[in-house]
Structures are given as structure tokens and as C-alpha cells.
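Below are two complexes that have chain A in common, paired first with chain B and then with chain C.
Here is the complex of A and B:
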């Protein structure tokens, strides 16, 4: 199966006076699995719909492969889509659902039936071809939706929050299946979600969108370990990275009341980021008051307050016992610090 | 919520029985009277609750002596046309209103619903004029725009007065009573319960709007369509004023109009009430049978949700 890259060139979208996507340029490489991640209302579904052709662009150009497609009908773009609520045709059998696009395209019946069988087998639904969608479980319906998408052998597969209606266990299983499916099919895949776990586990690269702007477009590893902005830092990780306002005096970073946090050569106000699990406990010098604790078995998660001011999440290393403490002494290792501009939130 | 209290059960049963008696009483009287002969009726000096054996004679009388069998067929065709046109127009109009985004949609919907305020009775004279010559608006446009004057001046051709009379035809009787904004409202509520991604999925599968309407929307809408079709069929069957005006010959009149004409207006003669009652039963057989057969579908259709 051939795969094509998707290129967005200064794509804009506004609904009336509301600007959803101010101007966005990005390229999704051929055969790559890209996840568009962002909070609800950030424009990620709109972006996906514009690639699919379900929504017109207000400006800019979209390329799929070499072809400029922003004014092309959805069916001629070589895209297929899996929807959040499956959007199966309730009155058709599983076979009818999977084969509908082929029927519309006037594929002869024997050929159509063969391709439907292949697609159904691909998602493990061979025995269900005559069932109605209402007779299937949520996971099975999702598989029908996927089979319906792949039966046309699209160059581009689009997913619009396809797992958000499934329960946790099923979601985990479907993640594995989707990952495997992508490897077997190799179509360029764009997957929209607000769930960072899906983004981190499935993606080759993650595009983090906030208010229609790209905050960061990088591999999951890069996004976790080198967040480009305070938005990304505060969005990724459970709990997310701590962001603490500090002032540098050239030798140390200090809290507003002067408490020394960590040695650093920076001067002026900056935002300091540190992951909860990177904070050292016990031997440190920064006193903090414990205000909440959650014992998760493998580790304990604390919320502490630094000098009556900023709240910080701390996670203990696995296997540490810290029962009944009201106070913790913390250290912030210099190599694990992330510094961000206090004005625009960009990484320094 | 289902209450289990026997007190409520009993009260409900009593109320339902009373309602049933109220609704059935006229039917029972009609049926009893239909079994009497004209002589019996005249001798008794009015409606009496006495079952007699002349029902089949009365039926024979209706079939051989009146136009009702022919008019029953008229009613059937007209009601079918009314119901079909109503459903087809309402379905396509609602499809356009719900699935095509347009800033005028709310206004169009409001105007559609507002046509409730304009019943046919109010515009019956102009409607009659138009049905008497459906090409009248064309003539009017030709005159108003000066096309006839131009044709006369330039080519020396006189534009003829166009005429097409639809009075006394099935379509002429059916069309003016075959618009329905109520169904637009019902279908709209139903369409809004369908998954929002359905038309988008169809678009991704390559189906255009018409294809989506025929392949996806129509099969899903069978229940509300059948329910409203039944309603409008019965509505067409019982409509009286417009068919009375639009059909001038007994051959073209529907059964309800024919039935009313059976009652003689001669003040010297006692009306043939037994025959009239037999006719009334005769005329209502088709709608009653339809309701009996389709009951379940009608109730399901009114639930307004898929499946």
C-alpha cells in the first residue's frame, strides 16, 4: 500500500468571527503515526476535518502527496476516517457497513465481497459479517469502523478520538491493536485525542495543539523529556511537571521569599520545571509541608507546600516507605531542571 | 414510573372504561341503526336501540344504488396521494433543513411552522382559482413582465392564454391539502436524534447528499415515515371542505362528500337514516382496518428515536 505525506501550508480556519486556527504549517511524514493532542476546544478535530475534507479551510493549502486537495471532495482525497461514536449505519449488516464505500464506488459485487472479507478478517470480525451494529459490543463496533476505513486501502487514515467511548481495559487492548494495525498497513495516520497516554504510546510524533497553535511537534520521548513550552510541560505526565516561579541571582534560583532552591547561573525571574519523580526526598534542604498524600502501592504521591507558598507534586521512588510525615525535605537536582521564560513560556 | 398501587389501578380502569364508552357509543348507535330497515326506522319514529336483520340489505343498497363504491376508490387514491406527497415533501424539506448549514435555516423553519396559521379554509377561493387553471400564475407573469406585448410588437405573435383545469381530478383534489409542516417538525426531531457523524461517515465513504438521503436516512426513517403516512392518509380520507368544492361531479367526489350528499335535503321526506349509517360504516372500513393493522408502527413512530 502506498502512503503519502500530508503537508499543511498556512492553514487557517475561522467560524464567523471566531478564529479556531490562526495559521498552521506542519508536515506529517508518509507512513508515520502522528497524534494531534490538545485540550478540548483547541481545534484538533477541526484540523482533522479539514484534512478529511469535511470542513473547508478558510485559508492556506493542504497537500496529500503531491496533490493540492483543499478544494477536493472528501472521497477523492484518498482518506478514510474512524469516528468517535463509530457512526456505523444502524440498518446495515457489518458486511454492508464495511462494503458501503465500495458499493458507492461501483466496485463489482464479487470483488467487493472479497475485499470486505479481507478487511473483516484483518480486524478479527470474520464471524460477524451478517450481524447488525446493535448486536455488537463497543470494541467490536470500533473494529467495524476500522474495517470500513481500511477496506478502500486509503493512503491516509484519520482517527477522531476513536477510543474515548471504550472502558479502560478495552482502550488498552485497542491501543495495542491500532499500533499493530499501523505497522501492517503502513498508511499515513493522523490520530486526534485529548488523552496523553494514547498520544505517548501510539505516536511516532506528537503535535500538541493549544488554541489552534502548535506548541510542540516532536517524538513522545522529546516531548516528555524536553517540553518546548510551559503548556506542554503542564499538560504531559501524571501528575504533570511542577512549574515554580523563581528568581535567579546569578548563583542560585530562589523563591520569592528568598528560599534557595537550586544552584544556577541565571538571573531574573524564570519558571522552573521539574518532574515529580525527579525531586529528591529526605536528604534535602528545602522544607515543605505535606498537605495531601496518595499511597498508590508502587509509590506514594505527595502534594506539598513550599514555605507556605507554591504547591508542588512529589512522587517517591518505587519501594520507599514514608508514612506519617508532616514535613519533607527536598532537593531539586540540577540536571533535571527545565527553565522557561517567565513572560512567554518558551523553553530557555 | 410504574405505580403498583391497586387504588390507582382501579381508578385508571374506571376512567378508561368511561372513555371507551364515550368513544364507542356513537359507533354502536350507528351499527344498530344500520341493521334496521327504512320502514322499521320510520315506524319507530327515530333512532331506537333495537338490532334487526337488515344490515346486508342495506349494504346491498349502498353498493347497487349509490356512488359510494366508486367514491371509496376515489377516496383511496386521493388519500394515498395526499399522504405520499405530504411525506415526500416534508422528508426532503427536513433533510435540507437539518443537514445543510445555512444561516437562513432558522428563519425557513420558523416560516414553515408558521404556515399552520394559514389553513386552506382561509384561502379557499384563491386556491380554487388556481386549481381551476394551474397555469394562471404563468399567464400573470407573462402579462406583468410585458412578454406578451414584446412578442406582439417584435414577432407579431399573440401569446395565447394558457389553461389547465385540475378540478375534478385526483391530483387537483389532493395537492392543495397535501402540504404539512407538522411532519417537518416530527421528522426534524427524529433526524436530530441520529448520530451527528453519520452524514460525515457517508461523505467519507463517497456518498453525496442525495445518496446519503436515499441509502442511509430513508431506511432509518421508516418508522416515523409510516406513522405520519398513516396519519395523513386518514386525514386525507376524512377531509371534507376542499373536496366538496373541488369535485363537482359525484364521479370525482371522495366517499365522505358522497356520504353527506346521500342525506336528502328534501324537508318533506324523513331521511334514510339506516342507509346513511350503513354508508358511514362502509366508508370507515378502510381507515379502521388500516389503524388496526398498523397500530404498533404508529405508536413506535411517535417515540421518535431509532430502533
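Here is the complex of A and C:
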């Protein structure tokens, strides 16, 4: 099977007066697993629906492969979709659900039954073909939805928050299965989620969307280690990157009250970003008051307050125990600092 | 007393504790149902085994003679035949048209919001008033079909032509039934999760296919409800229309069972015959409804 790339060219969407996506251009490479990540209401599901054809674009063009599809009916776009609440047909058996698209496409019955069996086996539901969706558990329903999407070997697979209704353990198992599935069938996959763990684990590339704008579109590694904006920095990581307002005097970065934070050649106000686990504890010079502490077993996570009232998350290295301290002395290693423009939040 | 039950209600999560309160709340409607439904029904059963005098005063037990008399009367069978025809045509049209309207309103076509309200209005008109209005509309000389008679004299005249008269009753009944069916079917369609329809679209189904494969099967409970109510309505409630529009004529072209009961009982004073026909009609309706419920068991599903 040859997969097709998806290209979005200046795509716009508004509902009445509400502009959801001002203008978005992006390309999802063939056979790539792209995750669209963003907070609720950022327009990510709308974007997916526009690729699927369930939502019309207000402007711009969408290409799947070489074909311009923004005015094409969903059924002629070659996409399959897995919905958040599965959207299984309650009046059809599992086999009926999986085979419906083949039935609509007038695939002859013997061929249809064979492909339904293969798809059901693929997701481990061989013994359930005659059941009704109401007789299945959440995880099983999700598998039916996936089997239904892959049965006609689509060029493009779309997922709309498919794991958000599952419990934590099941979600973990399904992540592994989805990853394996993608490797086996190789369709161009677009996966919408608000869960950063899903994004980091599944994606070849992550598109981070905020208010309908692309904040960053890069590999998970780059998103984590080189966030392009303060939004990405504050969204990725648990807890997320600390963002501290500092002023550079040409030799040091200082807090508003003058406390020296780290050596740096920058002048003027900037936003300093540092991950909680990169902050050095103990030997440092920056005094801070502990206001909250979580012992997670593997490590301890603190919330501390610096002079100048800024709160900072700090995580100890794995295996370190720091009990009963009211004060920590911190260092911010220069190589782990990220600097962002204080006006527009862009990485410097 | 009110306060006491409020307290108790809170403790027991809103259930009434006292049987007395419960009984008092249910009593008014039970009294009404008893007085105006069960008592007449019981009396009808009773009279169907007696020969009643038209102006009261003594009655005579005759066993099954009333039944054999009614059932051997060809006029009765003719009325039954007309009722069955009416029962098939009127609900079929009333539900078919409502379904088309509801599907259109559900798709959110232009002006569907306004149309939704307009379609519901006729529900507020009483059956007899509908009859009076339709008599005027269908009047062969003044009504909207009168131009037909200018072109082909005598083609349209419900006062003379039995088929025309039957058609007017059907039209009035259908018009009367559409608002309620429309509301029920539209709410049923809107209860179908949007995602299912979208999912079918992704599976390659065009809009007709989605209606046939997804929306209609999931609308079965509402379709069933409207069919049951329509069947009962055509048998029982068509009375108001017939009485105002055709009085069962011309000839007996629009004399359905319910109207025949009225004519036999209150015009011809054959009280026993009318009571017997009432019993038979009731059995007929009960059998129809039971059959429909049997049917429903086969189309049930869980959402």
C-alpha cells in the first residue's frame, strides 16, 4: 500500500463570527505518524474534521496525495477515522460494524467476510464477531472502532482523541498497540489528543496547536529539548518547564529584586526557561523557600519560592531523598537554560 | 404536613414515604379514568349480552345473539373493510410525510427552524375544527379544488362521490396527525448521536445510505410509537372529522366502525348493537396493539 502525504495550504475555519483557525499551513509526510496536540478548544478536532471532510474549510486548500480534496465528500477522500466515543453502530454486530464500509463499497460477500475476519484478528477480537457493541467493554469497543477503520486499508488514518475514555492501564496498552499497528500498516496517520504522553510516545512529529496557530511542529525530542515558544515550554513536561521573568545586565541574569540567577551575556528583560529536573540542588547560591513537597518514591518534587516571589518547580534526581528541609539552595546550569523573548514568547 | 414530607423525602432521596400521600396524588386521575373509561367499558360489555330498550325500562338477556346479529350484517363487514383501508392509508401517509419533514428539519436545511415551529401548530387545533375548515377547503364550488370542476365539471365532489369523500377524510386525518408524529420523529432523530452519522459518512455512505442504514434503524422505537398511536387514532379519533365533514356519507362511503357505532346507538337507538360493536372494536384495537408490541420485540436494541 502506498500512503499519501497530507498538505494543508492556508486552511482557515470560522464558525460564524468565531475564528477557530486563522490560517494554517502544514504538511504531514506519507506514512508519518503525526500527533496534533493542544489544550481543549485550540481547534485540533476541527482541523481533523476538515481533513476528514466532516467540516468544510472556510478558506484554503487541502491535498491528500496530489488530489485537492477540500470540496470532496468524505467518502471520496480515502480517509478512515476513529472517534473519541467509538461511534459504533448499536444495531449492528461487531462483524457488521467492521464490514459496513466494505458493504457500502459493494465488496462481494466472501471477500468481505474474509477481510472482516482479518481485521478482527488484527485487533484481537476474533471471538466477538457476533456480539453487539453494548456487550463489549470500553477497550473492546475501541478495538472494534480501530478494526472498522483499518478494514478497507485506508491511505489516511485519523484518530480523534481515541484513548481519552479508557482507564490508565488500558490507555498504556492501547498506545503500544497503536504504535505497532502503525508500523505494520504504514498509513499516514493523524492523531489528535490533549494528552502529552500520547503525543510524546506515539508521534514521529508533533504539531502543537494553540488558538488555531501552530506553535511548533517537530519531533517529540526537539519539542521537549528545544521548545520554540513559551507556550510549548509551559505545555510539555510533567511538571512543565519553569518560566521565570529575569533581566540581563550583560554578565548575569537577575530576578526583579536583583538576585543573581545565572551567568549569561544577554541584556534586557527575557523569559528564562529551565526544566525542574535540570535545576541543581544543594551546592547552589540561590536561596529559596520550600512551600510544597511531593515524595513520588523515585524522586521528590518541590515547589519553592525564590526571592522576588516567583514560584519554581524543582525535581530531585532519581534516588535522592531530601527530607525536612525548609530551604533549598539552587543552581541553574547555563547549558540547560532556554531563553524566550519576553514580548512574543519566541525562543531566542 | 408538607414540611414533614419534605424532610422524609430528603432522607429517602425523594421517594414518598407515606402511602396516603401517594394515594392522594394518584387518586384524581384514577377517579377520572374509572368514571369515564372503565365504567363505560364495563357497561358496554354488560349490554352486549342483553337486549336493551331504546328509551330504558327493562332489558332481556340474549346471550350471544347480539354478536351473531352484528357479525352476520354485511354493512358491518363493509364498515370494517373501510376502517382497515383507512387504517393503512392514513397512518402510512401521516408517518411517511412526518418522517420526510423530520429528516429535512434534522439536517438543518435553510429555514428549518421556522418550519419546525410552523409544522407543530396544527397540533393546537381540535379535530372538529379541522373538519369544519376542511369542509370549506374541499367545497366543490368554493374550495381550493373548485378550479378542477371549472375544467372538468363534476370531477371533484366529495358530497356525491364516495371516493372523494373518503379522500377528504384521509387528508384531514393525515394533516391532523403530522405535527405530533413530526415532533416525536424529530426528537428521535436528534437523539441519534451525531458521531454515528459522521462515522457512516467516513465509512463511505452517502446521505441516502446513512438514512437507510443508520438513522431509520435507530429511529425504530419512535416509528413504532407513532404507528401504535396512529392506528388507535384512525380507529377511534377519526370520529370528530367524519361527523363534521361527511356524517358518514355519501351513501356510507365514510362510515367507519366508530361512526357506525354512533349512528346505530344514538340515531337508530340500537343500544345493544352499538354496545356489541364497541366491544368488538375494542377487541380489534387490543389485538392490533398486541401484535405491534410483539413486533417491537424483534427490533429492539440497546444504544
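A few remarks follow.
One rule holds for everything that comes next: the second predicted complex is superposed on the first by the 347 of 348 C-alpha atoms of A that agree within 3 Å, B and C clash if a C-alpha of one lies under 4 Å from a C-alpha of the other, contacts with A are read in each partner's own complex, and residues count from 1 in each chain.
As a convention for this text, a residue touches a chain if its C-beta (ideal position, glycine included) is under 8 Å from a C-beta of that chain, and two chains touch if they have at least 3 such contacts.
Quick caveat, the model's predicted, so the values are computed rather than measured.
In the model built by aligning both structures on chain A, chain B clashes with chain C.
With both structures placed on the common chain, the touch criterion links A:213 to neither chain B nor chain C.
Contacts of A:54 after superposition: both chain B and chain C are touched.
Contacts of A:117 after superposition on the shared chain: neither chain B nor chain C is touched.
Of the two partner chains placed by superposition, chain B and chain C are both touched by A:85.
By the document's definition of touching, neither partner reaches A:172: not chain B, not chain C. Residue contacts after overlaying the shared chain place A:293 against neither chain B nor chain C.
In the overlay built on the shared chain, the residue A:226 is in contact with neither chain B nor chain C. Residues 52-54, 74-75, 79-81, 83-85, 87-91, 100-101, 104-105, 134, 148 of chain A lie at the contact with chain B in one complex and at the contact with chain C in the other.
Of all residues in chain B, only 195-198, 200-207, 211, 215-216, 219-220, 306-307 touch chain A in the complex they form. Those residues of chain C that touch chain A in the complex are listed here as 193, 195-196, 198-206, 209, 213-214, 217-218, 301-303.
Across the complex, chain C is touched by residues 52-54, 73-75, 79-81, 83-85, 87-91, 100-101, 104-105, 132, 134, 148, 152 of chain A.
Those residues of chain A that touch chain B in the complex are listed here as 49, 52-54, 74-75, 79-81, 83-91, 100-101, 104-105, 134, 148.
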